[in-house]
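Listed after this line are the structures, all set down as structure tokens.
After this come two complexes, each holding subunit A, first together with subunit B and then together with subunit C.
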Partner chain A sequence: METNNPNIEPPKEIERSPSGLTILWREIVRDKLALISLIFFVATTAGVFIASLLLDLNEIVKVDLFALYERPSSEFWLGTDYGGRDIFGQLIIGTRNSLAIGLLVTLMSGTIGILIGLISGYFGGTIDNIFMRFVDFFMILPTLMIVIVFVTAVPDYSIYSFSFIMTAFLWMGIARLIRSKALQERELEYVQASKTLGSSDFKIMFTQVLPNLSSIIIVTMTLNLAANIGIESGLSFLGFGFPEDTPSLGTLISYARNPQTLELRWWIWLPASILILVLMLSINNVGQALKRATDARQRRG
Partner chain B sequence: MALLEVKDLKVHFPIRGGIFNTVVDQVKAVDGVNFSIEPGQTYGLVGESGSGKTTTGRAVIGLNKITSGDVLFEGHNLAKGGRKSHLNVRKDIQMIFQDPYSSLNPKKRVADIVAEPLRNFEKLTKKEERVRVEELMELVGLSTEAIFKYPHEFSGGQRQRIGIARAIALKPKLIIADEPVSALDVSVQAQVLNFMQEIQKELGLTYLFISHDLGIVRHICDHIGIMYKGRYVEQGASEDIFTNPQHIYTKRLVSAIPDLDPNRRESLTVKRQQAKKDFDELSDKFFDEEGLPYPLKPISDSHLVALPEKG
Partner chain C sequence: MWKLIVRRILIMIPQIFVLSLLVFIMAKAMPGDALTGLIDPNIDPAAIEAMRERLGLNNPWYVQYWDWVTRAMQGDLGQSFHFKMPVTELIGQRLVNTFWLSLATLIFTYMIAIPLGITSGRYNDTFLDRAITGYTYVGFAAPLFITALLMLFVFGFQLGWFPTGGSVSPGSAAGTWDYILSKAYHLILPAFSMAVITTVSTVQYLRSEIIDTKQKEFIITARAKGASESRVYNRHILRNSLLPIAAFFGYEITGLIGGTIFIENIFNYPGMGQLFLQSITRRDFSVMTACVLLFGIAAIIGALISDIILSLVDPRIRIK
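The block that comes next holds the complex of A and B.
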């Protein structure tokens, strides 16, 4: 037998195999575009949230008749709109609002979707049938119409109520995805084994099955985030988003519906348009990298 | 008294069809099975794919719903009530699964996998739990440092040992081993089987051993039941089945066991062909109109065979 040579024992760190999160992170680092996108997104998010704390919203949205349609200058970095309001300030606060809605909607719809998907997929049978008919009902509703009706009917809505109403119609996709994955997982023997070991169904669902779905959840939530920011901006652009005293990226872009603004006053709508394009692209880049990481055959790293 | 007694066990799965998704037919996976296992013994359940042997084992442990019949474990009827009933009795029955690759959760460390039954049934502190897990790892011959690794870092045989460690964590009385070695390669099979026999002696375990490999069953089982299409064709002590098979199906199975001795190759081939001929010619007589075996009839104290009525 070997003598007790301490050098033979390999260091423990090397033996560790990469966990799911490490694989996701490694894929992002390997994909330079995704890494740059991630840095940009995090920097923008942190930037607008911190900057909006320093800015005074009331000051920004106050109408100033002596400064209508000012060009970008040292006083107004990105000029002013038809009410003499500073575009740069609106851009910062608008980005914060749009991001906040996107994040809130993604988190809330994700939570509801995961819960319903996991329950119906894990139990299957009648429970699955009931939940899925419920999901079907929500999917056939004309979402956009109902959101527009809500926005017109409720006179004074906030970021939160707007997020809630969007969440109510956006949780079905992730619920169906999680359900299909849970249906697969529950047939695996480790679930059966947990049952024979006396674990309760809920314990198996949340501590055994859910961790195995973590990477797919991260990927879907990331890609949903981009989509949700887009939906908010789209509604605001159509005029069913926030009122003008609550700027968002969509409201800034909607000024371009005025042909004169579109043609002659680029500073009002162009920065917001570029920002939303770049933001969504970068979230998408990160999401695609994460998506690749979940499939070993597509991985780059 | 027998540790486990299974009486007229039936497990039927409904086939749904039609517009209203009504039950149109039943798959009779297990159709009237009787057997009993004495403490400390190994009972082998043998049969071809789809014969219902795994379903029987899973019904005993509560993974499949029992349509009718009784499962008496130390006098408690486990067939009454759902999976949640008799929880304290059920912890004395554990299972070793067929596929060591999917029976361990890939996202859990070995320490958590082995500790799962302990966390469900025993209130241990973190420290006590750690000690118990390390004891179990030593018992199954794995190093105690391995408890912080993930299952995929182990080989098939090692994973099956982890599965065994998990199954014996609660010191059960009965272990249902559902083809525990069929996913392993042959050199590892012997290792795991010998190890299972060692811990059987050490811990006084009783095995319900489900397998289609007659060589293995002959090696480790005291009593054997042969299943065909959800019913028993023959049941008896290991000796009875292998030296004195009575049913044509059993004869054919036994003649199919490979032998390494090249000198006997010729005679075995003749035997196999004879068994096949018998099976083809006599299957009308040995099976009823639906092709199912007849009810069992005793031909000696320990030996029961599904012989036709006229004998």
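The block that comes next holds the complex of A and C.
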């Protein structure tokens, strides 16, 4: 008998079905573009944060009247701006500030959005109705305008008030998404079972439902990060973002609002523009790969 | 049907009310009020106080709010202290420009989205589809203001194909043929720059919609009865895939509002978006509140239009 079936091997241990995070990671590794994007993003982030520790901030923002609008050279790698300040140094600091605020706003708006979405979806009914009417109203507001108005209205404007204002108007999308997922999740049997066992609502929501939403949360947070960096640099570009003493990528691009700078001094605004573009593309690439991973039909790996 | 529309309009009223309250409170929170810009600082404080009393600035906020709302309903949005003219008149001039800009953008958006979406959906997974999907990928990530700057830099300054600012070339008299041509010429680049980005989601949506419809049973039936390939696409698939796109028309308005603020500033186009930013930097608050209120109402009405079209197109929504 045994000789007839040489191919049959002793039964292996049953493979565990991969966890959500493993699937996400596997999808990124399979998608070469996403992997390169991820490496690029991590390298830029690390590089920028380390470089800004080494660079002397005072040296960068010092006005040098003998070096106004210098072209790129070996002394100033990317030339200088209207105050003779080194563009390359400003680019590093600007990228660091843009990334930091992007991360901060994404985390804050994510936390609020997840909390409200989870509560509203898990309890449903009246609570859900109240929260969602509120969200509906915020969603149709012309957000950009209202943020600009708030930025001008707030006294003692600082980076913190700026990130709070941004957060206040950016949590609605994620709240709505989490709510719709939580609505589906609460009908599932494990939630019913847990309720029967006498777990509190709080415990079910945060220790049982929330982990099941983790991959979708990671996906939206990644995509939101790209969007938030875009919004921040857009606001800084219009002059309603970072306070003036803190350069961001948008601040550098905003010099291009002067037609002469736009036409003749490309080294001031073009590098920052390209950097934002590449950063947002790479974050989006990672986000899209993660998004595919959460949908089993579209997975590559 | 009518029930839904009436209900939808009823929801709109509290929305507009909350919006106006929000705008009013924001305006109050700003430093200075309607009088600060109007008067000479050397006037006797007692006279200022008398004037404040006369203008109702000493009343409690809800009385002031009510005055403001009733006047706004009658078309009186106050006085711009920078331009020294009624806000209604000022906005009237700018609104026309923004209207044309938005219209041109919408036309470009659909002109790009429909052919690209159809090609991409019909020949999916070919080289052409990959190219179009690649474009939507980049367009989705690229911020509008950077795209607009690059367009202005390349087509306006380097190649010199389009004017780099303004809404009409100076010296042309209103009403002549030249004037209309010049206006259209000034519109092309800003509208196209905005459309290149706003169209992306429509292309993606149309593509997936067509790919979905392609596999439905009525398409197999149409093929089985011998309908030609072009007939299948133009009559059966397209009709079913385009309707949802039409419904997004209203939501596009919300996107356009954010877009015009950037575009009008980059292209120095005298419209509402530019007026809004100028009014903020000049602390011209009566103009600013009017801009926010009007744009907010436009967005609310846009959402209303979309919901109504959607309910016409998709009967399942009506039942709810």
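Please note the rule applied: the second predicted complex is superposed on the first by the 279 of 301 C-alpha atoms of A that agree within 3 Å, B and C clash if a C-alpha of one lies under 4 Å from a C-alpha of the other, contacts with A are read in each partner's own complex, and residues count from 1 in each chain.
Keep in mind that, in the parts below, contacts are C-beta pairs under 8 Å (C-beta built on N, C-alpha and C of every residue); 3 or more make two chains touch, one makes a residue touch a chain.
Just so it is clear, the model here is predicted, and its values are computed rather than measured.
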| item | value |
| --- | --- |
| Clash or fit, subunit B versus subunit C on superposed subunit A | fit |
| Degrees between the directions from subunit A toward subunit B and toward subunit C, using C-alpha centres, nearest 10 | 100 |
| Touched partner set for A:Asn284, first subunit B, second subunit C, both or neither | second |
| Contacts of A:Gly47 with subunit B and subunit C, given as first, second, both or neither | neither |
| Touched partner set for A:Met145, first subunit B, second subunit C, both or neither | second |
| Partner chain(s) touched by A:Pro243 [first = subunit B, second = subunit C, both, neither] | neither |
| Greater residue coverage of subunit A in the superposed arrangement, subunit B or subunit C | C |
| Minimum Cα separation, subunit C to subunit B, after superposition on A (Å) | 9 |
| Interfacial residue positions of subunit C with respect to subunit A in the complex | 15, 18-19, 22, 26, 29-30, 137-138, 140-146, 149-150, 152-153, 157, 164-165, 254, 257-258, 261-262, 265-266, 268, 276-277, 280-281, 288, 291-292, 295-296, 299-300, 302-303 |
| Subunit A - residues contacting subunit B, complex | 12, 15-17, 19-20, 188-190, 192-199, 208, 211-212, 214 |
| Contact set on subunit B toward subunit A in their complex | 58, 61-63, 83, 87, 90-91, 93-95, 97-99, 102-108, 116-117, 120-121, 145, 148-150, 152-153, 163, 166 |
| Complex contact set, residues of subunit A against subunit C | 137, 140-146, 148-150, 152-153, 226, 230, 233-234, 237-240, 253, 256-257, 259, 262-263, 266, 269, 273, 276-277, 280-281, 283-284, 288 |
